[in-house]
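For reference, the structures are reproduced in the following blocks.
In what follows, chain A forms one complex with chain B and a second complex with chain C.
Showing the complex of A and B:
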């Protein structure tokens, strides 16, 4: 298990964990920083102060209970649907590639792509507003047309690691793919 | 290349024996379906496998041997090697496991063409040997994979040769088709003993079996009833023009024809072979049952506590109230509505015309008032056929009762439309232009003086009469839109009940492994010296995909025009029919 100091494209620290289960099976887990308590406190306090101000003018207690409900529901929705805890890439030679992202509430979304549909894994450049960012993606092919790229699946969408992290993952993946495709 | 062996979880602790399964061509993988235990007679094993192959259509073979030595048993290395000569195969797998250890060890014996054996061992730590055959064991839960259907399902002809199915699809298909293999359990007195997911005893449900037996005469009855109904509907008198036009407009008749189609699908005597047909039948049946259930619930509420009489008594005053409101509205329009000054003569004409119309309508309602309760009582009975019928009936009744609003709207719209067209044409004349019908464009044209004079006069008249007509048109269009909105809501809910795939949704919620979008792999703990072990779990379909895939095609009710086109039509005065009904698709 290796842990260097990687950051994502906005500068927040992330961590990369490479596990080698076998010579042809490797797993890469990129973890994003957790929900910071400071931010949670700031948001909650601001919503409640606003609600209290409205209550002060309208004297309606429904505003206060509404604010509490909104805070709770908003937090639950955020950790269940928005906040990604870690994303992982499992490469199994001659079987396929599994991409999974797990959210802060424990929910996991997994996709498995079979080796016959995979053409290659590459690092692509993209121009996003004023920056050029790099992202790792899987090129898929139709088994009936092995030369054409049918679609592109980008990896690590929420963690958005920088190039040094991507190069490491890329080199590791290519070792397996070149042997077992 | 890496050899992949799909191993069922139920056989993890099976006693030593032979591995029976199928090699998947082109992908260097094997699916293990069952383990046949010692002692056995090779001739009987071969006969059994041939029998199973004939019954299931799967290319079964003996893949190799499995050894899990109990305490005190010495290793049977040489015995196992001799087995490979009894069952001549291209490749022979020798899988072994030690009690207390989790990992398996696999030796692959290749037989090349000269009949000589070359043996390769698969161990994890040998990195530098390029000739090594590496083995992955993929553990799967046999019962779930057998019942599951991997999406996208292949549709239509299985002989279509576009591309060979993928590896996972072949694995799923192999396990699903090998059902005859799983009928042999340990209580059978046959010569062979095997281990698979059902070897502890065959599972079956009495209720399911009884339903299957009962469904045959039920299907016969339903198809006979349907034949009778179809004969009734095809009597000549019903294909006369007015009745046919009416029956295509009334949503109750449309719903009846819809349900007839559904019943026809359900009552076909052949059982559904393909997965899609099976799901379609299931969805139709469950939708129908839920519909009837909701209808009966509605009926039980309606006929209790004299609700019908209350409703009927409420209806007359409500109709009177609506008529009074409309009359007041017209009186307001005939005066100076919102401070606008109307053209007195035209105002009076239009106002009196509409007032007389309302008077006619209210007399007609009063005429029908003694029959209202009876109509409601008998109409409520139709809810026993389903909630959708009750809603369609309600929608039709609303359409009939607000027929006068529809008439007003049509009159107002036609008048306004004529006025707008007249105005635009005379405006062109005013500027010295003309519409060229041949070229579909505006061309210049020289008019005579008297043409210009009359044209300008008419233009002025129409222009100054515009606010009056426009106001009447606006008011009645708004009323019509309210009615159309209400009918649209009713139709949307009928459509929703008809088309929502309840059976597929229930299957997705309670048996998520049956509808599989893909698989998930998890690396099981590894021990040095053994092959890589993965656990394959089924990844169920997303709920939105389930709804999209298994929707029963219906006359879906959706807006015909975009918002911009609708506003344009309203402005010009064209008659709008905002909801479009797609015709029933035949799959």
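Showing the complex of A and C:
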């Protein structure tokens, strides 16, 4: 519906798309920027130049074909396993939460958490690499002990949006959760 | 700094909305600081420094300052935790090297420390304990980042042996451009000024404190047919446990009604066990092992006399706790101990077995004749001597003074290092300071200050922490979202 300018924790722009399907069903999609052509060029060129340097000294053509193979396979693995195009969070009151992330290659991983297992959705802080960041997570409970938190599912793990974006998602989620409890 | 403030204003619409209110409040809040306490030693590790940091932070929060604590990760306890009243603790995953102190390379802790300082909008960095490598690192980085620094020294050092020569050199380097230093006693101040070649003007003395409500006397717990001597300390060399091992048989032979109650754990426990074995004193010398802080009072009130045999001590909390429970205190005359209690509440001896025995016998004679002040009267006198509120007030004054001071820019800092720490060490550390500065520039280029999210204030002037009994964490996060 609306696209404010949000960034992720390293300053790259991301976009948040909130879709309200009905009063108790909302979907949030966070899309990361596409793979930039420049970056692909830089990686490819550096691998090829390195291979050419090795070829120059060894005169072995297998190095060159190896380099081509490495870049191709590397790119395929990258778009299939690393590069996440967009992540979505679908909250349906009284039913549950569906979290899915789709990779640049089109592969999609979806998990569903039913409402009886969800204790709450909160924003928490964590140490990530050399930074301390905020992240949104779903607190799960064991139906047998409703007061304790049994485990935590972090959301938007690969796009890592900043706090202002998280707060927006958090507020809408809480609206729905509070309605159905 | 200026750049960071601009970012803060831009990021936080609520600050603009409330600008009318905050301008008015600014006068009141102008002296409120954002304090970051850094030390390797914090709970769950137990000890004097740990409780000092905790109590001081709580009192500063009560006074309206914002306090966060930075320490290293303890086992599985890493990340961000909240303690009572929204006291935020960062357990940073840094490698522990020796004795709960982190390894230092001068650089590797900079990214995380910078992140904490920036996101919490820290104005004063307060490092604790000279044994803590992390504290020195934090001072070093804070100065590189242009923040005001305070250092509290909790211990005394020698000058003679190799290890203390090295530590003293490090301390000189670390403290030569620190804005202010706090010591816990005058003896400690003298010691620190000499060790680190400091200007005594920038060294303050603020003693430790005890919570008097935790240590109240209860004479009914005493057994009147005997005299019990209580010793509570870690059983290590520094605490003079070898002296204790000499005293026990001598006094037990002379006085058949004398009992010893010893709380604490450590490598010197074996000395006491040997003595107990050799002289068959199993019924009269009880070793209680490690005590939790809450159990200390229960042990103290069982005794008549509190004995402290420390060989070195900057400020002895244990004797204040003992006196607060109404015990007669016998202690060695070392370090800052003579300043701690009024003369008539303490018997001071030389750190030798003979002198300690003589002192103890005099007190035992007094105790037997009933010629001692009542526990309640001793407690009443000690109660108001050392309170944490008083400590916090005095520390606040130090902060007020420090924020007015200028942090040395890099060129003057380098000159100060070269001039103060000798040509060799000075040059080395000046080089390290330059590298640290370059590393900071690199980090600022990789992750600009503006990209870091500012942390929601749990304490301080714009605090979001509410006292709600049920699920504290959730309520904090909810409050956080409301303010934005």
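Descriptive notes on the structure:
We adopt the following convention: the second predicted complex is superposed on the first by the 175 of 181 C-alpha atoms of A that agree within 3 Å, B and C clash if a C-alpha of one lies under 4 Å from a C-alpha of the other, contacts with A are read in each partner's own complex, and residues count from 1 in each chain.
Keep this in mind: a residue touches a chain if its C-beta (ideal position, glycine included) is under 8 Å from a C-beta of that chain, and two chains touch if they have at least 3 such contacts.
Please read these numbers as outputs of a predicted model, since none were measured by experiment.
In the superposition on chain A, A:133 contacts chain C only, with no contact to chain B. Touch criterion not met for A:61: it reaches neither chain B nor chain C. In the superposition on chain A, A:124 contacts chain C only, with no contact to chain B. In the superposition on chain A, contact of A:180 is made with chain B only, not with chain C.
In the superposition on chain A, A:36 makes contact with neither chain B nor chain C.
Once chain A of one complex is fitted onto chain A of the other, the partner contacts of A:25 are limited to chain B, with no touch recorded for chain C. Contacts of A:9 after superposition: chain C is touched, whereas chain B is not reached.
Overlaid on A, the two complexes show chain B and chain C touching no common residue of chain A. Contact residues on chain A toward chain B in their complex (touch as defined above): 21-25, 27, 90, 92-95, 98, 100, 110-112, 114, 116-117, 143-144, 180. Residues of chain A touching chain C in their complex: 7, 9-11, 120, 122-127, 130-134, 162-164, 167, 170-171, 174. Per the touch definition, chain C reaches chain A in the complex via residues 11, 78-80, 90, 92-93, 111-112, 115-116, 119, 447-448, 451-453, 455, 473-474, 477-478, 480-481, 484.
Within the complex formed with chain A, the chain B residues making contact are 1-2, 4, 27-28, 124, 127, 134, 136, 138, 162-164, 166-168, 518-521, 523, 526, 532, 534, 539.
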